[in-house]
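In what comes next, chain A is part of two complexes: it sits with chain B in the first one and with chain C in the second one.
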Partner chain A sequence: MKVKKWKLASFLLPCLLLFALIYLAPMCMVFGSSFFEWKAGGVFKFIGLDNYINAFRNDARMLTALKNTGIWVVLQSVVHVMLGTVIAFMLSKRKKGWKVLRTIYMIPNVVSAAALAVIFLNVFNAQYGIINSFVKTVTGKPFMKNWFFDQNSAFITVTWSWLLYTGMIIILVLAGVLSIPEDVVEAAKIDGATDMQINMKIRLPLIRTIIGTCEILAATSMLREFELIYLTTNGGPGDTTLNLPLYLYKTSMTDNNYGYANMMGVILIIAGVIVVSAINRLFKMNEADY
Partner chain B sequence: MGGKSFKDILWKIFRFVFLGFMALISVGPLVWIVMSSFKSNKEILSSAFALPTSLSFNGYKAALDLAPIFKFYGNSVVISFTSTLLNILIVSMAAYVLARYTFKGSTFITLLLSASLLVPTSALLMPIYKIMMGIGMFDTRSGLVLVYAALGLPTSLFVFKSYFQGIPKELEEAAYIDGAGFYRTFFVIVFPLAKSGLATGAILQFLTSWNEFMFGLVLTKSTEVRTLPLALNYFTSQFSFNYTAMFAALTMVILPSIVIYVLLQEQVTTSMVAGSVKG
Partner chain C sequence: MKTKKVMATVLSAVTALSMAGGMATTVKADDVTEITFPTSWVGVSVNTEWFQDRLEAFNEEYGDSIKVNVEEIAGDQNYVDKLKVLYSSNSLPDTFSTGGYNLIDSMKDQLVDLTDYVDDDWKKLATDACWDVNSRDGKIYGIPYTRQVIGYFYNKDLFAQAGIEKPAKTWDEFFEQCDKLLDAGITPLSMDTADSGWVTSLMLGAMIGESDEGEQFMNTMLPTDYNTKEFIDAATRIQTMFQKYTTPDAVGGKYENAASNFFMGQTAIIANGPWMISDFYDTSMVEDGFADKVGTAMYPGDVMYNSGKIGFNVASKDEKTLDATLTFVKFLTNEESQLKMLEITGDIPAMEGLTSDNVKPLVNEVIANGDKAAHSINDFQSLWYANVVDEISIQYPLLAQGEITPEEFAQALTDAAQKN
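Right, the complex of A and B next:
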């Protein structure tokens, strides 16, 4: 069936326009202006690679933000995904209550992250939070640790707010495990394989691409993470919990240093491409096997 | 045999404790928030775990007095619905053409549109802010609608495209033979057939818009247009000493999402799996 070209174009155009407005034009602006000194009040001057050189040579905050972002990407793609996978395998036995548990684990992922941030702010509150009240009840002594705002505990407390909440991973891995054909597992059982062997040698390799997808989701989510830091520690105390998106936000919205903020945008985009292609390669995402 | 069953029992206990602990940290904080919203300030400060002595709605009254929560609710509903409709309409049209027709540049367009999935959207914060300022959409609901519809573009495109590819061509061919044009065929034949695929995309798009915070924070400034997640930002400072009000506000923000999720969970779960497993 022959359809006139302009009719096809009319269907593509709205989507392409939206893409151009929200992705393409901003991408060009981010890359282009990262080579300029661009500040509020009409400062706009080409400075070549100076923004990049300054970032890596003279900006301690930038290095902290990069380091924290890196640590969180690694923690999330190792601990978070592993934890979710283990829970999903436990639930895949379909013991009584597995569906209820799946729902429960997912709930922190469906409420808005902004709400979750304020909830954690209360849970870890020094005066009336659950954690401190619990310690107080157990030890009988007053306990006033200010989890989010104490130099020693801020990082780990912020990390807690996403590391253990693996609902999304559980749902994906569970869907994968449950879709493995029964006869594959049955054959191994007849050959005398233990449950553990079946999990490690048969089920896990069969859902390789799903684990890869989880890795991509987990790792890239840390390149986006904003509200759980912004609404709790706001990067503090000092810069203990500063990450790249938050530093970018502060540089552009508070300091009005646009060229420098966009340089960080470029680094975020490059980091995204590196992370995704590394995971693609590691998990051989483009090769199907069953 | 005896040793094995002992190990089994230990394993069972471990699994029970582990899964129980995970469940506790998942919903414990939320239950605590809801419970505390019925307490008085004094009760909250003196005993964190105790049940409220009487069911007091003072927190809710205070929260509604201090902040226009219903206004935020309204904005969230309007913005999320509109951006979902816009996303579905625009993206399904493009996905249909890309799924059904090959022409010069069609592969390039598909690649270009899906590449947006790779971009951490926080990287585009500043340019999007400038563009919205430039086209006069800063601090408007329409501005947020446009941005939110675009945030879900790559996921929707993927979901819709693979769904359209699964619909047999014969039905459309029959429609053409009966004299229906291109537009009519899409809106009358294909669109209804793709209902469940479109619903999958719609659920993901709605959740994205409903929970979005960062762009809402940067692209709006007046209470008239701000959404529910932003209300929380405003609460933490407004209610710094009125804990009941803050807990009540939190309850009002989280409860709708939880209720909707629990009611539609099979559908939401399928959508999330379909939207993430991008082959």
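Right, the complex of A and C next:
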């Protein structure tokens, strides 16, 4: 059936308008104002690339935020996805209680970041936290590690608050593994393949695009991560746990330096595009296998 | 197929209509002027009861002509952040009160210069110090309603257990008392680092304000250099306090943790203002009779926070709403409202000599301490740049753990201040 073009346009127009108003226009404003000195008090002056040059030449905190963001993107893409995939493969054996385990793994994903932050602050509390109490019980000696606010442990403690909670990855990978046609696996078994060989050479390649999707979700979640850091360490101690979204927020909200904050917004958008494109290429996301 | 077409058309029309609806303006009666007032005086805020009482009274008197649209935003920091977002889009509400946070300097280009509207009668409702804090270059940008009078509270029972008879007169004596408390198995100080590290920073400011130079620094608006002898000496003492005299949860802890430790009798001293006094009588927080155990004190060197406080800022964009807003602000800052605030919250009125028989005795003690102080200083949240206040909270843990020196701490705040 041939649909008239004006009809198509009239149906698409509201959505296009919404997209333009809510995403496109602000993004253009962010991009444009990143070339301005724009501060509270009415300061608004074109300065070309100065914000970008200052960020990479003179702003040590910016470099720390970029480094931390990069490390978290890599950790989340590698460790988080790998862990989720392994657990999903184990659950796909459908041993007794696999549905309960699947649900338990999802719990951190359905709890709000604010509640999670409070939970973690209590779990890692120096005075009465469960971790310190456990160590004290095992060793029999007083143990007062201030996990979130000790410079040596803050980064790993913040990382802990998301790295191991792989519920979303498990759900996606598990759905992929369970949808692989059984006859493919049967054929491999008849040819004498072991379980490990079937997993590594049949199942894993067949869910390549799903793993790619997980990689995109995991990596971009770290480019957006804000609440848990803000509500636990606020980027501290010093700038130990500062990442780019939090630095952007502070630059905008406490320094009132909107132009510089928008420069960081542009860098985040560019980083997002690069990460997604790289994962798309690496996992050949446009090619289907079955 | 026909049904699908109809449904699609309806959905498309609904989307378009909802967009149009979002753009539409509210139709309101000509004789009622609407004004906007976002507030953090909600929930557990100490000012909630006072504000509800005043709003009700205002609506009774002016409800026919002025409608106050109250937006509730829980938490002071969330409130300030929301105002900054509104400022950046040139859409500040008609009036707001930040409870001490200084937004005048960063927002005064969008605030109404109130100088011409404040007549002599209105001026009498606050001390000169209060008007000074709310003015820039001789122009009034805020209407004060309370003063800051802040010392510290101590637990008399715990002091007695440690053999301490009265609060210290010098900082050396103060630290000797801390040692005595430690020897008696009592943690001396409630401290915090999160948010602005309020309790800790009050101690820091009081130490700075002990000398004449320090007092001047603590009354300087928006300082940009913290590399002063007074500041570094005070930071050194704060480092000692963190390392020796406070609870393990102080580093990373919020005001609530510090207060809770004091309420539970786990610490002997907490720095804070008289608004905390109502909590000493609240048996959901403390044991019955706790208030009788609490004493008030000036900081060593007879230092007190004794200053004006940022009041209501106005940002109405036309004369009609400005008139209505000023009526609302005038009502909330009049003598009756200030007196109610004293009685309900214990906050000290901006107007001199305004007292009540219905306040808790500890409030009068704090006011008396303020009158006796040899050094009167202003608090850091009113004076220092917002990003410096934020920087404090992320640098305190490093200072506490000896990862940075007091000199590096001072430099970090200087660097933050100079970004402005």
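In this section, the second predicted complex is superposed on the first by the 275 of 290 C-alpha atoms of A that agree within 3 Å, B and C clash if a C-alpha of one lies under 4 Å from a C-alpha of the other, contacts with A are read in each partner's own complex, and residues count from 1 in each chain.
In this text, a residue touches a chain if its C-beta (ideal position, glycine included) is under 8 Å from a C-beta of that chain, and two chains touch if they have at least 3 such contacts.
In this text the structure is predicted, and so the values were computed from the model without any measurement.
Chemist: On the A-aligned overlay, A:50 touches which partner chain: chain B = first, chain C = second, or both, or neither?
Modeler: neither
Chemist: If you stack the two complexes on chain A, which partner ends up touching A:149: first (chain B), second (chain C), both, or neither?
Modeler: The answer is second: A:149 touches chain C but not chain B.
Chemist: After superposition on the shared chain, which partner residues are touched by A:90: those of chain B (first), chain C (second), both, or neither?
Modeler: Only chain B; A:90 stays clear of chain C.
Chemist: Comparing chain B against chain C, which has contacts with more of the residues in chain A?
Modeler: So, of the two partners, B touches more residues of chain A.
Chemist: Determine, under the contact definition given at the top, whether A:227 touches first (chain B), second (chain C), both, or neither.
Modeler: first
Chemist: For A:37, is the partner it touches chain B (first), chain C (second), both, or none of the two (neither)?
Modeler: neither
Chemist: With the two complexes superposed on chain A, say which partner A:25 touches: chain B (first), chain C (second), both, or neither.
Modeler: In the superposition, A:25 contacts chain B only.
Chemist: After superposition on the shared chain, which partner residues are touched by A:11: those of chain B (first), chain C (second), both, or neither?
Modeler: both
Chemist: Quick check for you: in the superposed arrangement, does A:239 touch first (chain B), second (chain C), both or neither?
Modeler: second
Chemist: Which of the two partners, first being chain B and second being chain C, lies in contact with A:118: first, second, both, or neither?
Modeler: Touch status of A:118: first partner only.
Chemist: In the superposed view, which residues of chain A touch chain B and also chain C?
Modeler: 11, 14-15, 18, 121, 127-128, 252-253, 258
Chemist: Using the touch definition up top, name the residues of chain A that touch chain B in the complex.
Modeler: Touching chain B from chain A are residues 1, 3-5, 7-8, 11-12, 14-16, 18-19, 21-23, 25-27, 29-30, 87, 90, 101-108, 110-115, 117-123, 127-130, 133-134, 137, 164-165, 167-168, 171-172, 175, 209-210, 213, 217, 220, 223-224, 226-227, 230-231, 244-245, 248-249, 252-253, 258, 261-262, 264-266, 268-269, 271-273, 276.
Chemist: Would you tell me which residues of chain C are touching chain A in their complex?
Modeler: Touch list, chain C to chain A: 8, 12, 15-16, 19, 81, 84-85, 87-88, 105-109, 193-194, 247-249, 251-252, 386-387, 389-390, 393-395, 397-398, 401, 403-404, 412, 419-420.
Chemist: Okay, in this complex, where on chain A does chain C touch?
Modeler: Contact set of chain A toward chain C: 10-11, 13-15, 17-18, 40-42, 121, 125-128, 144, 146, 148-151, 233-239, 250, 252-258.
Chemist: Which bits of chain B are touching chain A when the two form their complex?
Modeler: Going by the criterion above, the answer is residues 15, 18-19, 22-23, 25-30, 32-33, 44-45, 47-49, 89-91, 93-94, 96-98, 101, 103, 109, 112-113, 116, 118-131, 146-147, 149-151, 153, 157, 172-173, 176, 182-183, 186, 207, 210-211, 213-214, 217-218, 228-230, 232-233, 235-236, 243, 246-247, 250, 253-254, 257-258, 261-262, 265, 268-269, 272-273, 276-279.
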